[in-house]
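Single-structure report; data block below.
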Amino acid sequence: MSLNNFKLSLREIIFGTEPGPGRNFDIALIIIIISSVIALFLDSVEPLHAAYGDIFYAAELAFTVMFSIEYLARIYCSEDRRRYITSFYGIIDLLATLPTYLALIVPGAQHLLVIRIFRVLRIFRVFKLFKYMSEANILLRSIRSARHKITVFFITVVTLVIVFGSLMYLIEGPQRGFTSLPQSIYWAIVTVTTVGYGDIVPQSPFGRSIAALAMITSYAIIAIPTGILSAELMQENQRQASRKQCPSCRERGHERDASFCKYCGGALP
Amino acid sequence: MSLNNFKLSLREIIFGTEPGPGRNFDIALIIIIISSVIALFLDSVEPLHAAYGDIFYAAELAFTVMFSIEYLARIYCSEDRRRYITSFYGIIDLLATLPTYLALIVPGAQHLLVIRIFRVLRIFRVFKLFKYMSEANILLRSIRSARHKITVFFITVVTLVIVFGSLMYLIEGPQRGFTSLPQSIYWAIVTVTTVGYGDIVPQSPFGRSIAALAMITSYAIIAIPTGILSAELMQENQRQASRKQCPSCRERGHERDASFCKYCGGALP
Amino acid sequence: MSLNNFKLSLREIIFGTEPGPGRNFDIALIIIIISSVIALFLDSVEPLHAAYGDIFYAAELAFTVMFSIEYLARIYCSEDRRRYITSFYGIIDLLATLPTYLALIVPGAQHLLVIRIFRVLRIFRVFKLFKYMSEANILLRSIRSARHKITVFFITVVTLVIVFGSLMYLIEGPQRGFTSLPQSIYWAIVTVTTVGYGDIVPQSPFGRSIAALAMITSYAIIAIPTGILSAELMQENQRQASRKQCPSCRERGHERDASFCKYCGGALP
Amino acid sequence: MSLNNFKLSLREIIFGTEPGPGRNFDIALIIIIISSVIALFLDSVEPLHAAYGDIFYAAELAFTVMFSIEYLARIYCSEDRRRYITSFYGIIDLLATLPTYLALIVPGAQHLLVIRIFRVLRIFRVFKLFKYMSEANILLRSIRSARHKITVFFITVVTLVIVFGSLMYLIEGPQRGFTSLPQSIYWAIVTVTTVGYGDIVPQSPFGRSIAALAMITSYAIIAIPTGILSAELMQENQRQASRKQCPSCRERGHERDASFCKYCGGALP
């Protein structure tokens, strides 16, 4: 087999997603990626690390060597090397191996291997889950077309959080847990987002009144992003509907999943 | 009475929902089911168990014997036995008695009797609450038609939760409660869903900054499923409206609960 | 002044809301009601009760005597006594005085005086805030027309809460805070509604996994009532729009707050 | 240079936002404002205050002197002095310097300097972010047109919070953390808004049942403001669409961001 042929069939196996060697390689890869992430998770649990730490370390090394070889093979056989290396997957593929080497110098760096989880996103391309990608695009388009409104919302939230945080710092003060302005703003974020850990809580009657005001405000404000997105998605749905046109009666406004015209019954494209 | 006639009238009583013996049997059954679940609840409260444990155990045995006899009678008199046994209610009816027998071998198994609560869902069939079932269907249809968008949303949440969880594990570390990667991801889920127990909280300034970022992200992200469902339910409403057509003036677009045409006043089907 | 005339002018003062004695009486009444509720609130604070308990008790007696006289006067001068006594305000007016008398027999009953706060709702009638009442009616109508969907949602939540609560009782058990089935269901409600007090939390890895599942489920489920109400309010807006018709060009579909036809510019009714 | 010319060019620099001295001045100002707020934040952290307190104090004095001079210069060169002084920015500009002088008399007043953050809002004017301001206006218009519904919602929440708070005060009582009516109402707000700190929690079975009821109620009620705003924003979008008319074919209903008629392809205004 000539070297060129070898490169071509390697490319088919590694980059291809057609049933046969291409897809089998991808399925095996996804299984290996998930295994390596699970190993990472289990290794982080202290009792398991104490008992099987060596096995996990060996597994990690093995996974890293495999991923490194795969990365080099991808560079070797890709049509446009520069494009692959600078693509989203190219960068993730590199970052998925680096931490192990880095850990030889900086201990603890191996935890960054969690980045491997992003390699699993390949699953959408492998199984041709285009439907999901098109729906994700609709969501992204709605968010993008509402970006100015969402920015205004975030500026409002940030202003509120700074105002309420500063007020509480003045009212409650360091001796009741509000030790600094950043700390108070952290409290305000925990409260306004309704997370409410309870590690820092107002204790004076006046502080509690202001906190109650902050909560009720946040209760109403949470309606803003939801309302924005509801209206935007609704419009996106209508936009998709109005784009579809019946070839027989020329009527528009058919729903996204309609196959026949709702006015004349003619087949829709 | 011939054996066949007995079977037929038994079927009428057990499976029938018409006013008379059929409905009376069902009402009695629902009362018994609810009583058995209440007994189960009370028995799980330690002081009550200590005082009346024997009575509760006797009641549980009596309920189980009754439900077992009912289950066998249902099999005996059902038109299509295989279909009943493999149906949703058939499986629930069986599972509602098994744990008591299982508890003779595995102590504690009787708590699984809570599954009996599902037998109460029969109430919809007995009282012909078709309205509720049709509305439940609209909800289910909306959720189903938005399933791709919802899946995309869940993948985003899972990715966010893994990223934020891993980051916090690196930043806060085991000595501040983030003892392992799964534990950190549990923290991330508690935070992103705005539950916020407060059993694990970030303590370093940097950890708190990342946590604040996670909260604000989750605050915006909660808008996505709501927006999706609002738009979908809106469209479902319009779809139902456009389906209804006036037989006199041929106008469409009547609302779901309209009885007369809003243009010509003719009766709607 | 004849007795009949006295009754009539008393009715004008007590029940009337026109500028003059009628409105002045109502304004004075609302100020007195709010004062009595504030006194109640302050009296419940221990240090204030210790210092001024006697004054608060005297005030409470005075308020009760005043409200009792007012109640009797209302009965005396109302056009239809039975109707007033059995009306919403009639019952609230009675309940607003009873606890003080009851407290002579049952100590602590005076806290029920908080019911007086409902008397303030009179404010809508006094200041003719009809706009608010019509908007409240739109909200109520939307909720009523979505009541079947909301019921289905609540049945789903109740089922989920029972299932997750029972599961956690089996997994975590009494020694980790999940002391009984009702307690576990309380935990499930606290978690699914994203309140998350943190007084009862799962501690085993398996319990935490199930809890994480419950949280993510609740995160998605919260979208259902919001979606339902958004779609319903949207439709209500459109319904109001389609009801309005231009008298000149006969076109429909004008917005709720439009004063002129958007097609021909004619004045709208 | 004549005094008048000096005033004019000063006005150009300070109030102007054109590229050149006007914009450069504004950019420098925004950087200084943000620096002064960061200094304020860092100074509030105890270890940093102990180490660099003097530097922060000097910086604060310098910032205050600069802002004071700027404020006086703005008054001096503004076209309409009274209008500037009484405008939003005029008041903020004054309040951004006062606390330092106030702190000479009342210690601690310098924390009020946080108000400086509002000076940053100038950024919208400087960079001509009109798009954001128009979107903010759409949001505000939607909120304003829904203000009656939102008021009804808030009255409902306040009533609920008072009722649930009072009930819990009667049930749980002072010895279980519900020490007074205001305290119980604070608990009710923390619970109904789903913040859930966990510093005050019900402990009796009956108290927990009522709390569970409050949570489930709040879970449904949070849907109301979101539904209101979704419907309102949706209508706002449609209103904007119906306003746009194609000059060639006279068709209406073009989307907000459309540049060409979707029916005839003619350019839209």
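Just so it is clear, A, B, C and D label the chains in written order, and each chain counts residues from 1 on its own.
The working rule: contacts are C-beta pairs under 8 Å (C-beta built on N, C-alpha and C of every residue); 3 or more make two chains touch, one makes a residue touch a chain.
Note that the coordinates shown come from a computational prediction; the quantities given were computed from them, not determined experimentally.
Counting hops only between chains that touch, chain B reaches chain D in a minimum of 1. At the interface between chain A and chain D, two copies of one sequence, fewer than half of the residue numbers in use appear on both sides, so the contact is built from largely different positions. Matching CA atoms, the turn from chain A to chain B amounts to 90°, rounded to the nearest 5.
If you average the Cα atoms of chain B and of chain C, the two centres end up 29 Å apart.
Chain centres here are Cα averages; for chain A and chain C they lie 41 Å apart.
Within chain A, contacts with two or more other chains are made by residues 153, 182, 194-198, 222, 226-228, 230, 234. Listed in rising order, the residues of chain B touching chain D in the complex are 194-198, 226-227, 230, 234. For chain D in complex with chain C, the touching residues are 145, 148-149, 151-153, 159, 162-163, 166, 169-170, 174, 179-182, 191, 194-198, 201, 205, 208-209, 211-212, 215-216, 218-220, 222-224, 226-228, 230-231, 234-235, 239, 242. Contact residues on chain D toward chain A in their complex (touch as defined above): 40-41, 44-46, 108, 111-112, 114, 117-118, 131-132, 135-136, 138-139, 142, 150, 153-154, 157, 182-183, 185-186, 189-190, 192-199, 222, 225-226, 228-230, 232-234, 236-237, 255, 257, 262.
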